[in-house]
Amino acid sequence: MNPWLNAALRVLACIGLMLLNGALIIYMLRKVLGHMHLRLGPTELGPAGIIQLIPDVVKLLVKEDRHPGKTDRWLYILAPFIIFVPALMTWMAIPFSNHLMAIDLNLGVLMILSFLTIGPLGVFAAGWASHNKFALIGAMRAIGGAITYEIPMVLSALVPVMLAGSLSLKDISLAQAGSFWYWLPGLPCLVIFFISSIMETNQSPFDMSEAEGELVEGFNVEYSAMRFGFMYLAEFANNFIMAAIIVCLFFGGWTLPFVNPTTMGWLAPVVFLIKTYLVIFLFMFVRGTFSRYRVDQMLALGWKKMMPIAIVYTALVAFVLKVIAMKTGGGM
Amino acid sequence: MSKKWFPTGIFKALGIVWKNLWRKNIVIDYPWEKYPMPERARWSVQLKYDEEGAIKCTACGICEKTCPICAIQIDVTTDPETRDKHINHWEYERGGCMMCGLCVESCPFDAIYQDTNIELAHESRDLIRIDLATDVDAAKAKRAAAPKPAAKPDAPKPEAGEEKPATKPATEEGGKADESLA
Amino acid sequence: MKLEKTHVNSVLDAAHVSVKSVNEDAHLGIVIRVEPDDVRATLSALRDGELKFEMLIDTFGADLSVYGDDADTETPIEVTYHLRSFVNDCDVRVKMRLPFEGVYHSVIDIFTSVLLPERELCEMFGLYLEDHPNPKRLITNPKFTTPLLKSVPIRGKEEVWNR
Amino acid sequence: MESLDQDLKSFTLTQDQFVGYDNQGWLSLEEPEGIPVPRNLRRIADDPNKMSTEHFILNLGPCHPSTHGVLREVVELDGENIKSSEAHVGYLHRGIEKLCENSPWTHLAPYMDRADYAGGIYSETALAHAVEELGEIEVPDRAHWLRALMGEVNRMASHFLWLGPLGLDSGAMAPFLYMIWDRETLLEVLESVTGGRLMFNYVRPGGVLNDITPDAEAKLRKWLDIADDRMQEHWDVLMASELFQQRVKGIGVVSHEMAMSMGATGFVGRASGIDWDLRRDRPYGPYSQLDFNVATATEGDIWARIMVRYDEMLNSINIMRQLLDGMPEGPHMAKMPRVLRLPKGEAYGLVEGCRGEIGAHIYSDGGTTPYRVRYRPPIQYHLAIADTVLPGQMLADAIVSLASFDFCFGEVDR
């Protein structure tokens, strides 16, 4: 096959998956939050409101693309893409099964985490370019938060990496199939990673940058139509990515215990997706329940609690691994 | 109170939400399923009809004077000889009505009521201002049986052909209506 | 506790405050009528005196220019301060009269609670608010007339029907 | 444009016509020409020794989702911290006090409903008390008990409408919906008894309009059976959560002195240590025969206000049970003349409303209509307090702090 065509097809598949995921998460969000709140969610269009999304997307597409008067025009246009494109890129390295992935990067974890770091930059650009006070406060919060949660997140991601001895998500998943899932040795890291993921995906209780109570919609208050849709889509994509990384790092990716991970065939992506959406359900569960943190409390949580724990635990795991390696004479 | 080292409260909250996730929903699927309105619910004003299908309204105008926001306007022509009243228009502005029910309480002939239909939204402003009765004869009140005459016979009445009834500052008019009642 | 005239008089005498009258109203209880110049002294005396009227419950005005027999066109605007003592469980009202477009001196340094009601009072009755930290209109627009004066008519039925 | 604070009172302005502290595009401290800075909005100079950001003015409201109606709170922000604030009200002014002068004494209840639109029964009752005091009208026992019963139902409904949105303002969505469920049940009871869900027009001078219906009573009893469980559930889902407690403890502190000097009544006063409840200390109607206690706190922060009100709700449930069980027989309305004329004079009727002391001071000149009606709005006093405690808080806390005072702008503006 032509390598260019091959690459293009892979990118297209990623985009398609992302859109599909967006549709699925929107429906799931509406239904899950609805039932949590003793409501029903969408019911009218299609069976159980399943095609409610289509008119919503049409609405977003045909809405007026409004530019408020004093915006920084180019940055305002660019910002949704700064948020959207990294979210798209991260899909490349997600291993749905042994061979079903866009690129088998051997630095997958690093690649995804670094691309996710660009997202808050887009949030900041959007908030700044909107030239709105609420948006600006949201942008400031997003940057403050980004610095806070990314360090503990990367540190806690290091534990499975060390345990597996690889930065490739595929290898980490496969390593867990051979021994045990890493949530057991990395439980504090899992908790830290989970909290950081909620912060990363801007969800309650850490949705500082778009806190509806105080900042109306925060950084995207001036965005309308499909620009807003892009931001929304990127948020859902990030949602999926974070859940997928949690599954890969701590819950064995597509693997199941006592099953040969290389010969699962069509079952592998199904297992992977089920695991991922269960984690997403957990996100929504937390989102629907708790009250929002205050921004200084979030920073305190990040710097004073999560970071020391992550550093100490990572060091501890590294030390233990080194001791084991020395005992067994392995080449760690 | 000692500081708790472990946040048990948040798990309590999660538990309640989990419980509610499996509870039956409480909403009404509105257009298909409707909330049973209580009998006393007060919504838009309607005219009552007697057994023969004629309106019970005697065009005494008490509701018109009672209404705090002047949502009711009855355009009446009185026969100068027989004192029979003819209702040209019984206009009711639903858009301004605050559904307080004072008109229904004050009606001495029990001729109006408030129905429980909540679907009062309309596409046009004209549809909100409605004519409940056009060009009908007012019921002949059994004035002797009624508690007190609604209006003195010699009170100035709007004449035929006049678009608007004679109006005075609202305070005076309200006061007069009450005096005539007392 | 049932508040007697003598209690109030003794408190006022102790603070050397001159008042116009101290009456016992059938429905309101003790009502102290004062000149506008004495109102601050009276309120201070009541607050700091032994009866401890510590809280100002309400401040409001009334336009008495057509108030039956008591109609008074010289000083038609009656301002009432409603004080309460929690210790003794009793209420007292201090009333003063002001002319139309008179000057109302704020009592905000005695009772902070008049912050908003004073602003409302002065815009509603067309008084000039002095010594207030923020003497703006509270509720209505600058072009709005002073609504609660009796000379301002209520919108008539004709106007309603023609809307 | 004469004055800054009047700009937004016309909602028809477009972007081009808009002058003032708009939220879009005006980021510096420089004032637009010809627009005076509100005098209450104190400019806090930067400390040159400290690193600080540029201050800017932020409009919270009148269309902000968390200001509960039409409060416009103009705050000066240093980053996230509020340096000074000023409340602007008046967006819901309808001239209720003036309109009351136009209606007969018995027709004032609809206006009173619209003053405090979340706790209408109490406003009506306050006015009815004043009229009965002045006219020396004997009210039958049953009417008093029905007023108290419907009032407590309304108090519960109103408190649910406060506690749920308080959680919503702090970001918790689920508790709001659960509380709305209970509120809905109570509103159904109110609707089937009074005929209105919010605008009751129920309490009249001389009694109440309608007697309670058997099915409304059954519905209320059914709810009272599960009420304690429901309240426990609300506690668990919102207040037991440490996340929420972190948001409300020690925030928005109203000291005892401030509460005393600024006229805090009701739950705000009780949370700051003013042990005063009109139901207990000036008992009206059946309250002298009922058994309930009044919770107080001394901290004066949001958590104290929540505690006081939560306890008030539990007591309300208790009171409702006692009222239903002990309801005396008899007429629900006194014999009233067709047209009520009150003797010349003044009277003050008070009642412990949902938000504090609701009072109606009436002047009668002997006619059929009031000469002057003054509605004492507790929330207006609380608004001044909220405005005073706002500086020094963070923006996120300010929202919760404002919400904890339970504003109802029909009452402030009237």
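We just call them A, B, C and D in the order they show up, numbering each chain from 1.
Assume a contact is a pair of C-beta atoms (placed from the backbone, for glycine too) under 8 Å apart; a residue touches a chain by one contact, two chains touch by 3 or more.
Owing to the predicted nature of the structure, the values given are computational and were not obtained by experimental measurement.
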Exercise for the section: Average the C-alpha coordinates of each chain, average all protein C-alpha coordinates together, and give the chain whose average is closest to the overall one. Expected result: D
Practice task
Compare the CA centroid of subunit A with every other chain's and tell me the farthest one.
Solution key: C
Problem - Mean-CA-position distance for subunit D and subunit C (Å) - result: 24
Handout entry: Rounded Å distance between subunit B and subunit C, as computed from the means of their C-alpha atoms
Key = 39
Fill in the blank from the handout: Averaging C-alpha coordinates per chain, one finds the centres of subunit A and subunit C separated by a number of Å equal to 62
Fill in the blank from the handout: When centres are defined as mean Cα positions, the distance from subunit B to subunit D in whole Å is 28
Practice task
Would you mind listing the residues of subunit D that make contact with two or more other chains?
Solution key: 99, 101-102, 174, 178, 181, 237-238, 241, 243
Problem - subunit A, residues touching no fewer than two other chains - result: 36-39, 288-290
Handout entry: Where subunit C touches two or more other chains at once, by residue number
Key = 154
Problem - subunit D-facing residues of subunit C, complex - result: 25-28, 54-58, 60, 62-64, 66-69, 80, 82, 86, 89, 91, 111-113, 115-117, 120, 133-142, 147-148, 152, 154
Practice task
Quick one: which bits of subunit A touch subunit B in the complex? Just the residue numbers, please.
Solution key: 32, 34-40, 43, 285-286, 288-290
Problem - Touch list for subunit A against partner subunit D, complex - result: 33, 36-39, 68-70, 130-134, 136-137, 140-141, 204-205, 207, 211-216, 222, 288-297
Fill in the blank from the handout: Residue set of subunit B touching subunit A in the complex reads 10, 13-14, 17-18, 20-21, 23, 25-27, 29
Handout entry: In the complex with subunit B, residue positions of subunit D that touch it
Key = 99, 101-104, 107, 109-111, 114, 174, 178, 181, 184, 188, 191-196, 199, 201, 209-210, 213, 216, 233, 236-238, 240-243, 245, 337-339, 367-369
